[in-house]
Amino acid sequence: MIGPMEIMIGITALAALFSTAATYLAITEKDLVKAVIYSAIQSTIYAFIYYMLMAPDIVLVYIPVAVGLYPAVILVLIRKTERWEKD
Amino acid sequence: MIGLGEVQLFILYILPVFITAFILYTIRALRGPSISDIVLAVDSMSYDLAAFLVILAIFFREPILIGTAIVLALWAYSLDIYVSKYLEKKEMGE
Amino acid sequence: MDTATYFLYILISSMVMNLALALYGVFYKPHLTKKIISLTILGDTANTFALIIGYRLWPGETTPSRPPVLVGWTHLNKTMLQQYVSSAVDPLPQALVLTAVVIGLAVTLFLVFLALQIYRHYGTLDVREIRKLRG
Amino acid sequence: MIIEEVLVWIGMIMVGVGAFADLVAAIGFNRFRNFYLRLHAATIGAIWGAFLPLIGASLLATGCYCLGEYRWFMAGGSLVTAILILILAPAGSHALARATHRAGIVPVEPCIVDHLDEKQCVSGGGSG
């Protein structure tokens, strides 16, 4: 039986599957700048999951921290150190 | 007179189009060959996700859920600017 | 099994996979920047588990569960309050997560500047080479 | 009472057109083969896919009495988001394209002349 509740939780589960793919690419990427941006994709999908779990105040705090500030800070770190991860 | 039931039914019918679009955006964002492709895809995906969040707030009938869309749009733009400044080989403060 | 429960199991399984991948990144990746990125993913996944604990399924067939923010309190009567309490999600894990996100930001900033000082002192960020250089 | 119904109909049509434009932009993201070609798809996705349904959602929330007393708050929030996206999306795309061309990480493939940097111009790049 598929109603509106099943559709909404199904969308959340689909977003969670894509977040797993983004996490896998972020962990196994050699280029660290690409890894940071894959982490930003994962953060966007997590913000959508928080929205669907009915937590709008968490979304309001989580988006500036995880989409805005984490990539900025880690890009400053990569700029000042090294970009490629050696095998 | 159009009630809430018709609007909710319309949003349920329009939902698979949005879901297909987001799946295609995420595929391009995950297999983009260069950094610019990934950032452009996640940027467009964030703007469309903001519109989708507003439509879902109308579906859920919750006015407190509106404020998340404006935050998402603003900080996706800031991600653009950070990566552009990194690619132009400048320091972050200039 | 119910369909909604099945989808919830898919959601929780994906979160467990994310947790395993982030732990693999923290333990086995030799580069310090990759360790910091994995640590942020680990913290976010733990926060998501706390939110899934506080979630509640929809009380009716077409009435969704509501966020724990009381809107429209100027003309409030008892039946509205009863309906609100019977359909709102748990606010306590959301308050805890709200603190944990900000503390995670502070910890990540501290680790980033620690890594920067390590690079200035040793000239590399690879853990194996730092261990070699110590003796 | 007729004006609210007209507002709800216009809003629903705008949301439908926005969803269709979203699908077109997503297909374009997967079909184009170069970064500078994908910028066109990004334009469609930002203006027709995000600005238009937000304006439509604002009109829909204004006209629908069933949303309760706080429908003006919902309409104002979506209107402000729409205007911000209209300002910010072209600025972000332009900054990203400029940075990409200066860094030179993507070759300009279907190219006839490039006045900014002649070395990036790949001539004879097929039928673009």
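Lettered A, B, C and D in written order, each chain numbered from 1.
Methods note: a contact is a pair of C-beta atoms (placed from the backbone, for glycine too) under 8 Å apart; a residue touches a chain by one contact, two chains touch by 3 or more.
Predicted model only: the values in this text are computed from it and were never measured.
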| item | value |
| --- | --- |
| Contact-richer chain pair (by C-beta pairs counted) among B-D and C-D | B-D |
| Whole-Å gap separating chain A and chain C, where each centre is the average of the chain's CA atoms | 11 |
| Whole-Å gap between the CA centroids of chain C and chain D | 30 |
| Between chain B and chain C, centroid-to-centroid distance (C-alpha), Å | 20 |
| Shared-contact residues (touching 2 or more other chains) in chain B | 8, 23, 35, 39, 61, 63-65, 67, 76, 83 |
| Touching two or more other chains - residue numbers and ranges from chain C | 62, 64, 66-67, 69, 71 |
| Touching two or more other chains - residue numbers and ranges from chain D | 68, 70 |
| Those chain pairs that satisfy the touch definition | A-B, A-C, B-C, B-D, C-D |
| Residues on chain A engaged by chain C in the complex (per definition of touch) | 1-6, 8-10, 12-13, 16-17, 19-20, 23-24, 26-27, 32, 35-36, 39, 42-43, 46, 49-50, 53-58, 61-62, 65-66, 69-70, 73-74, 76-78, 80-82, 85-86 |
| Touching residues on chain C, where the partner in the complex is chain A | 3-4, 7-8, 10-11, 14-15, 17-18, 21-22, 24-25, 29-31, 33-34, 36-38, 40-41, 44, 47-48, 51-52, 55, 57-58, 61-62, 64-69, 89, 94, 97-98, 101-102, 104-105, 108-109, 112, 115-116, 119, 124-126 |
| Chain C to chain B touching residues, read off their complex | 62, 64, 66-67, 69, 71 |
| Of chain A, residues touching chain B in the complex | 4, 7, 11, 14, 18, 21-22, 25, 33-34, 37-38, 40-41, 44-45, 47-48, 51, 56, 59-60, 63-64, 67-68, 71-72, 75-76, 78-79 |
| Residue ranges of chain B in contact with chain D within the complex | 1-4, 7, 10-11, 14, 17-18, 20-25, 27-28, 34-37, 39-41, 43-44, 47-48, 50-51, 54-55, 57-58, 61, 63, 66-67, 69-70, 73-74, 76-77, 80-81, 83-85, 87-89 |
